[in-house]
Structures are given as structure tokens and as C-alpha cells.
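Every chain is named by a letter (A, B, C and D) in the order it is written, and numbering of its residues begins at 1.
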Amino acid sequence: MSMTATLTNIYAPYLMTVDEIIDEAPGIRTLKLAFQDEAVRKDFAFRAGQFGLYSVFGAGECVFCIASGATRKGYLECSFQKVGRVTNALRDVEVGDTVGFRGPYGNHFPLDEKIKGHNVVFIGMGIGLAPVRSVIWTCLDERKQYKDVTIIYGARSADLMVYKRELAEWAKTPGIKFVKTVDPGGNPPGWDGEVGFVPTIVERAAPSPEDAYAILCGPPIGIKFTLPVLLKLGFPPERIYTTLENRMKCGIGKCGRCNVGGKYVCKEGPVFTAAEMKELPAEY
Amino acid sequence: MATIITAENLKQLAREMLKAGYRVIAPAKQADLVVFKAIKDAQEMLPESEYILPQASFKEFVFPRCECILRYRFGEGGKPVFESPNLDGEPPQAVIGCRPCDAASLPILDKIFGWDYVDPFYFKRREKTAVISVACSRAGEGCFCTSAGYAPDSTAGSDILLKKCAGGKYAAEVLSDKGRQLAEKFGSLFEKVEATPPVEVAGLNPAFDVEKIKPWLDKHFDDPLWLEIAARCMGCGTCAYGCPTCHCFDMVDEGDLAGGCRLKNWDTCSSALFTKHGSGHNPRSSQEQRYRQRVLHKFKYYLEKFGLRACVGCGRCTARCPVNLDLRGVLQTIAGKQA
Amino acid sequence: MEKKAETEKAVWQPKIIAFVCNWCTYAGADLAGTSRLKYDAHIRVLRLPCTGRIDPLFILKAFERGADGVLVSGCHPGDCHYNTGNYHARRRWTLFRELLEFVGIDLQRLQFAWVSAAEGAKWAEVVNAMVAHVRELGPFEGYHTMLARSGQTLWLAKAGANGGNGSGHDVPGTQPVERSKEKQETE
Amino acid sequence: MAEAVEELRALARDLLAKGTVQVFVGYGKGASPGRTAPLIITSADRAAELVWDKHCLNNLAVYLTRSEVTKRGKVGIVVKGCDARAVTGLLQEGQVARENVVIVGMSCDGMGEPLLEACGRCDVHTPAGKDADAHHLACDYVIGKAAVPDAQKEDEGAEYADVARIEALPLAERWAFWQEQFGRCVRCYACRQVCPLCYCKRCAVEKNEPQWLATSAHTAGNFAWHVIRAMHLAGRCVGCGACERACPQHIPLSLLNKKMAKAVLQHFKYRAGNDPTAAPAVKTFELSDENDYFR
């Protein structure tokens, strides 16, 4: 199989300009990135749930989801927490700087294939709202194609909540059942949302599993305790979707580190149903 | 009709290939070690009788331990620009004198590096690599190729397979277009003979039935056997970096204020950093979980995805291991434990 | 191995990094300045809290970034602001010197001194002596060749278009290939 | 060696059966010819798998800081005289609590076939037992009596002869020698992983903010890595040679560590791993330390 004719540098990123920087919460920042290459900007497309490798030359690459809606063209957004070498470098970029982006990689939430025409419950925890937000905006941009929309979002405290402007917008939008909560003790004076961990609040909000899909993202501990609540409420495992986050370097199934059991999170994930998660060994 | 090449002509083949601009890779002496080297002179080539298996496979010549995948520099206003290294123009290279197990690693590596995205840095070298392997006339202590689905004279991955016969000659079997082109281009060094002379190929009875491995692995992710086997694993990369089929790599940027490179470096699943998240969480925090990943990847996941096991049974991992952790023994135990 | 032709040496200027402690030598260097003492400008001073904080990693990184010589200086034994910083450092450097010499580095390129806050003149004299030594030795060819061979792009450019033929080169893909053949790929 | 192995098996069986220790680390049959492999057992009936012969080279002290072993409880461990020095080092640096370890000292006439060069100059064929003074590690048990007399620790002549050979080379040749060696390193970190004194949870090379030591296996990165490894083991390395034996590229790594040991001995009159109560050489200092190379 001669391959030389088709060889391109699959590790070469697109060059992106930082258009906007939004500080979501202490240590969490969102970057709005525009493609510098005109041709790429025109026909770049991705599906909600896909991720990319964001890079600062000299620091390296790291992986986050694409947080903007798949219906939004010409740019993409990512939200990240300052934890390591590359996120610290990303933290220092200013508007107008250039960063790299490689993607879109991985599978995606089956909106067109399955979820359209049904009820959908979005549950986000902490910065885990980023991948869910991409799906929410993709869904809200085509609101008529979905029946009931419920959004439940929780964070450790009010100031640690991300996309605060959009939370307020969703709260006011008719036709969205919106619930926000903070962990006990995280509520500031005059807090208008719920108080309690996401699993308890989901149980209390008790979204109906009838003809509904659930999309759930957050830290492994959050998923571990919220998943059983959804099952108890009657959501069948095949209709609960979540994403897995693993250490990644290549993002395209070569470097061998992101597998959970036999599944490469970068190729066969990051989106999995609860049913698929049950098959995976507890290695995430 | 059969084709024969004398040991002297094999050396002459290396000489002529060097002259023709080939990079010739052959087992050669490195102090007290036998290693694959890009030889400068055919004299460096060791005769087949002087080695069974070089210290590491020739993987380094199709998948270098450290390679630049893009060069960046900061232009005006600190704006980064980058260039990719040349994806064509690799010199043709020929591996002469490797063993069938090492040659068999290439079809295995092709699977992962060709899965969906085609890795240009592997294939730009792989395409230009011809493999002239020599069947084993005697088996090594650690060898278990016959248990991994190969044999001292298997043909997988070879372009020409030589088998030792009397009088310092080799029976040459052309196995691919590339092999045929080589045999024609350097035709004068090969002789045609009526019947294939008797050849000397080692016998090696299998140590275990490899078909029994995956069924056990499918159901024993949390078996205490892993801790028992791997508690003594040191967590170094010696097995992975000598292994013909280990292909995992790390990606790092190295440079200074003027610019630098994004590098693709060998990596190993036995290191804790391999899977450690930025948050500090590590899905594989202890050594036996990491050793389990090595066995599952080679004997279950790779088989499920690509229909090939990522092991050719060369036995280097055991020989090189500082604590002599015996993969063949582990597989024998697993095969014996049929659920 | 490192004697250079006269002309090139006239062009070449030594690059020397000085790691100095904040309380004594840095103050001494200040004093040299305020006293308008002249000393060779080919030295870049890095201030650290104490000689005890000057890690062998820093010295290696200085050579990796192209230093031809490293000077380390701090408070005289007994004057350390943190009492024992320089005593610990002294043991560390006694061993580090032995190690670098063992792996083939000329110790003229790694000098140690004690310069107190009052010794502005000594600082100027130590610096001038160090620069003279290193100028005599010429560029640190050995380290620069190693850096070029290891694909460090800055040194590749200095080592000419092709930092080394393919086989001897540690990091394939780093040497800048001739402009004409190479496709500009910034998708 | 035959009766010694029976005595060892009986002792291990007894220690495990009585629960004196929850895990016992010794030597088991190796997979490759002429080799043994570390054996970690938690049940008394497996004591029979313990071996003791000419090929017990591994320094088992490395397991005393490994959670895969220590998380099981109290550890029984087989040590030769040289390995005991590494245990002493770990005690000096507070990495192991003496009461958590039952040390079984084996007298040893030298390992390896042919005999390891270092064993020819060994001065501790029989580890010190209960009678040891406070300045020596006292093994809980000592098995067997060495047939070979202890060599006298004369000047460093013989001990550091190999180091002296490199020191004698002119500067440019020394540099070329190590450039060639470091050029072949593949950064598998076997030298670090097998070293009992390399127990850091996060090694200097694993720190990437900033990345002081390059992780790539090119000569410059390998140079910095091996220089810093030797520096961080200065005055701590007990010269067991595990790193050199583990190196798949056969780089003469102990030359670097022995050079440091020689320097520590000459400058600070200190030998690593002898006295569990002593402070490691680089942890302390003397006012009278050498000062002549300072300007």
C-alpha cells in the first residue's frame, strides 16, 4: 500500500488568533479563537462533543473540548483551567496573539442521528459544563427541532460557575427548564439558585425520562454519583451520554495513552453512552 | 529454480547498496553489544553465525526515538510561524540480516501508524525500507516466536528471506515487489540453481497456545495475578524501547525565545506520567495496572482493533528487563489458567 | 581543540553568565557601578537569593543557552545572610566541578568567587579575569556542537544549513533543509 | 550456598507464617540463563521458591520505597553486604522506618560468573548482625559465613582504577568519550528506576515548569540528565552497580557515580551507606571545607 503520495503532516496545527478572552471564574478562562487561514475559516466544521489540541509554541499542546456551538461558523471557543505548563502558557496569551489548534477529533453527541425530536436534559458540573455548553448552543440554535429542554448546572460555589452570562440568559429563555445549584456552603448571600450537590438536585428536579436523552459531563466523581440517579429516574443507559477525559498527546489514535480498556478515548470517544461506560473497566 | 546468494556476495550487496546511496542497516558490534547500525562499510556487517538477536530491533530506523515534527520560530511581533520537515526525500534504506521476528514487526506497526490518520513520519521511512531477513538457524534462550504466531523462518514483513544452507550460502526467497526489484537491480550477486539446497532452520516448540491468552484477558482485568506478577516491575522503559512493536510516543516542545521544535519522543506505558492528568488524577496509579496495560494492549486491544497481536515473540523484553520479568512465563501462566 | 583564528576571535564576543547572591556579590557589583569602575561588558548577571539557591541545573541551562563561561559568586563563608547557604553551596560546587571536569568541560569556563558587598573592585577584577580567560579559550565549541547535533535550532543555524548528516544526527527533521525543495506548509 | 538457601527458606516461611512480616522480598528463579529475578511473596508456602546462588545481583533495597510492596505492611528483605549500604542510606534519609523492615543479611562470597569486579574488592562479605555497634546497620538475621576474607579498604587505587583511566584522558578525549556514550542513551530511565536511592516521587526531569532537563533522548538532553543524576546521587550512591547492569545500551554509568564517590571520599572523607546515624555528605558541611578554587 503505497502511502507516500498522500503524506501530509497530520500533527501540523491551524494557526488561530485570539479574538476574545473571557474570565469565567478564578483559574478558568475561555478563549475565542478565529482561524487565520481564510480557506479554513470558511469550511471548518465540527460536531458538538468533538475536541481539539490547543497549543502554545514552546509550551506544548493540551486537549480540551470545543466549547462553542457546532452551528457557529468561522471561530471556536475553548475553556480551560490553569493546571499545568500549557494551560499556564495559554493563560498568558493576550487578544491578537497566535495559538495553534488541531482538530476536530473524536466522535460527537448524536444530535442529528438520535436526539433531535426528543426531550433533552443537559447536566453540567463545574468546568464540565464546557462540552455540554457546545451541545446546548447547537441545540438552542435549532430550538424547534427539540422538544423539552432542561439544563441543570452545579458548581462548588457561585463564583466558580462558568459562562455566567449564558446561565442568566438560559434562565430567562422560555421553554428551557433551568436549574442551577452550588455545593452546600457555596451559596453567597441572596443566592437565587438551589443549594446541594448535583446528584441530589437532579433527583429533586426529577426530569422525566419519557422520550428524553440526558447529556451529563463533569469530573469522574460527579459522573459516578449522578449516573445512578438518572438510572433510578428511569433513563435507560443507552440514552444517557457523557464524555471521558484522559491524558492525550496526539489526539488521533497513535500515541497509545488515552485508552480505557480497549477503547481509545480520542478515536472511539470522548462521547460514550452510560451503557458503553458499563462495559469499560474502571480505568478512567 | 531457486535463488542463492553467497555470504561474500551478501557483503558485496551491502557495499553496492551503500554506493548506490542506500542507508544500509545491519547487525554490527557496539563495544560488547550487537546492535542495528547504519553501517558505513560492509566490513561492519556481522555474519549470521555471530548473533542471534541484536540488543534492540531496527524500529529506530522507521520510528526514531526523537524526531522533530515541526519547527517553529517567532517572527515579527512575536507571531509564531512553523514549517514541517520534509516528508519526501528520505534516502532508500535496506535492513540486511535482521531476523524474521523483527521483520514481522513492520506489518504490525503499519496498522497503528496507518489507522485512519496516516503518520507521515513513519511511512516516509517505511516506504523506502527494504528488509532482507535471515532465518534463524538456532533459537535463542528467550525466543518464543512460535508461541506468538511466527516462526524462525516466517516471511511476514520481509522483502527477501535468506535461509542458511551448506557452504556459507543462503537460499534467497523473494517475497515482495520491493524484494524483486532489489533482486533484479543487484541481480549479478544472486545465482540461479536447479533445486533449493537443504536449509538449516531452527526448531522451536511453542511455549504456550497464544489463542488461549485473549479469552482469559477478556475476563480478568481485576485479577490478583497482575499484582503478583508486576509488583516487582521497576517501571522503566527498557522493555518498550527494545521491543520491535512498541510504538507509543510523547510530544513535547523544545526551544527558546527564538524558536524551537515540536518533538515526537519514544514513551512507555510503564511510566506513571504516561496517563497522569494535569489535575494529578492518574487512571493507572500503580505499577501492576501499568504492566497489565502492556499485556492487554499487545494481546487483546491490538488484536481486537487490527487483527494482529503487537508481539513477535522475540523475548527481548525479558532479556533486557532489570528484574528479568518474564513475559513468556506470564503468558504461559495465563494460558495455563484457562477460565 | 578550541583555539580560533585571530580574525574570527575579533568578531566573536564571549557570552558569560554570572549567578550571584543578592546580599553580597550583587551589592558588590552595584558598588563597582556607583564607584564608576570599568569592567568588561560581556557578562550577564543573574541575581539569586543566596549561593545556596544556585542549582547545578541553572549552570547546565546557561551552557545550553549558549554561555561560553559561567561565573558563580556570593558571600564569603561566614557572611551568608542565611548563615549556611554558601557552606552548602561550596560542597555542592566542589563536587560539581569534579563532575564537569570528568565529562570533559574545561573548568576555566566555570569560575567561583566570594565577593562581598564592599568589594566592588574585586568584582570588576574577577569579571575582567573571567572574560579574559574565556576569550582566550574561544567559543564553547564542544557544547555548541552537541546542541546543534541535538537539533537545538538556534545552534543549527550557527552550524550552517545542515547541522550534520542524517545518520550522525540525533534528531531527524530538525536540520533546515535547503529552501528551494522544501514546501512551506503552514495550513 | 546450599544450606544457606534452606536456612533462608525456613526463616522466610516462619516470618510470613507468624505474620512478623506481611511481604518478603528475596530472589527467585530467573527466566534468562544465568539470572535470578526479585521474588515478592506474601504467603509462607511460596518460601520454597526463594533461591540463593551466584546470580543474586539485584539490589532489593529498591523495593523498600515502592508502594506496591510497602502497602502490604511490614517487609522482610534479603540483603547482601553491599545492598545493606543502600538500606542504610534509606534509613539516613528517613525514607524507611527501621521497625517496618526485617533485614535478613546473607553472607556472600561475591556474585556473578565470572565474579563481578567490585566483588573482588568487597570488604563486607558478611553483613553485620545484632552485635553491630550503633554506627552500623544491624541485620535482624545473618545467614551463612563467608568463605572469602574481607578485603582491606586500602587507598582508592584499585577501587577507582576505572575512574582514574578516564580522568587520565586529555580533556578533548574525555569529552568525546562521554559524547559518544550519552549519544546512545534512549532515556528508558532504567538507571533511575532500579536505584534504591532514586526514590523521589517527582524526579527533576519530570518537572516541566520550567523544563530544566530536556526529556528528549538527544545528546544534549542525555548529557544534562546523566550529569544531574550523578550530582543528585553524590555522597548517597553506595556503588551497588545496579544502574550500569540495568542499562540496555551498556553505558558505563557507574563511572559517573564512582567519580562522585571518589570526590566525596577525597574532599569530605565520607563513604555512603556505612553509618545509619551519619548525615549524608551533601546534607552537611564543615567550616574547614576546601576553599582554594574560589577567587
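Worth pointing out:
Please note the rule applied: a residue touches a chain if its C-beta (ideal position, glycine included) is under 8 Å from a C-beta of that chain, and two chains touch if they have at least 3 such contacts.
Just so it is clear, the model here is predicted, and its values are computed rather than measured.
Common neighbours of subunit B and subunit D (chains touching each): A, C. Across A-D and C-D, the chain pair carrying more C-beta contacts is C-D. Subunit C has its Cα centroid 47 Å from the Cα centroid of subunit A. If you average the Cα atoms of subunit C and of subunit D, the two centres end up 34 Å apart. Mean C-alpha position of subunit A lies 39 Å from that of subunit B. Of all residues in subunit D, those that touch two or more other chains are 211, 214, 216-218.
Listed for subunit C are residues 151-152, 170-171, 185-186, each touching two or more other chains. With touch defined as above, residues shared between interfaces to two or more other chains in subunit A number as follows: 8-9, 12, 15, 84. Those residues of subunit A whose C-beta lies close enough to touch subunit D in the complex are 84-85, 88.
Of all residues in subunit D, only 30-33, 35-40, 58, 62-63, 66-69, 184, 186-190, 192-194, 206, 211, 214-218, 242, 245-246, 248-250 touch subunit B in the complex they form.
By the touch rule above, subunit B contacts subunit A in their complex via residues 69-70, 72, 74, 78-80, 82, 84, 87-88, 110, 112-120, 123-124, 126-127, 221-222, 247-253, 255, 259-260, 262, 264, 267, 269, 274-279, 281, 283-284, 289, 293, 296-297, 300-301, 304-305.
Those residues of subunit C that touch subunit D in the shared complex are 1, 56-57, 60-61, 64, 77, 84, 87-88, 90-92, 94-100, 102-106, 111-114, 126, 129, 142, 146-147, 149-152, 170-171.
Put simply, subunit C touches subunit B in their complex at residues 65, 151-154, 166-167, 170-174, 176-177, 181-186.
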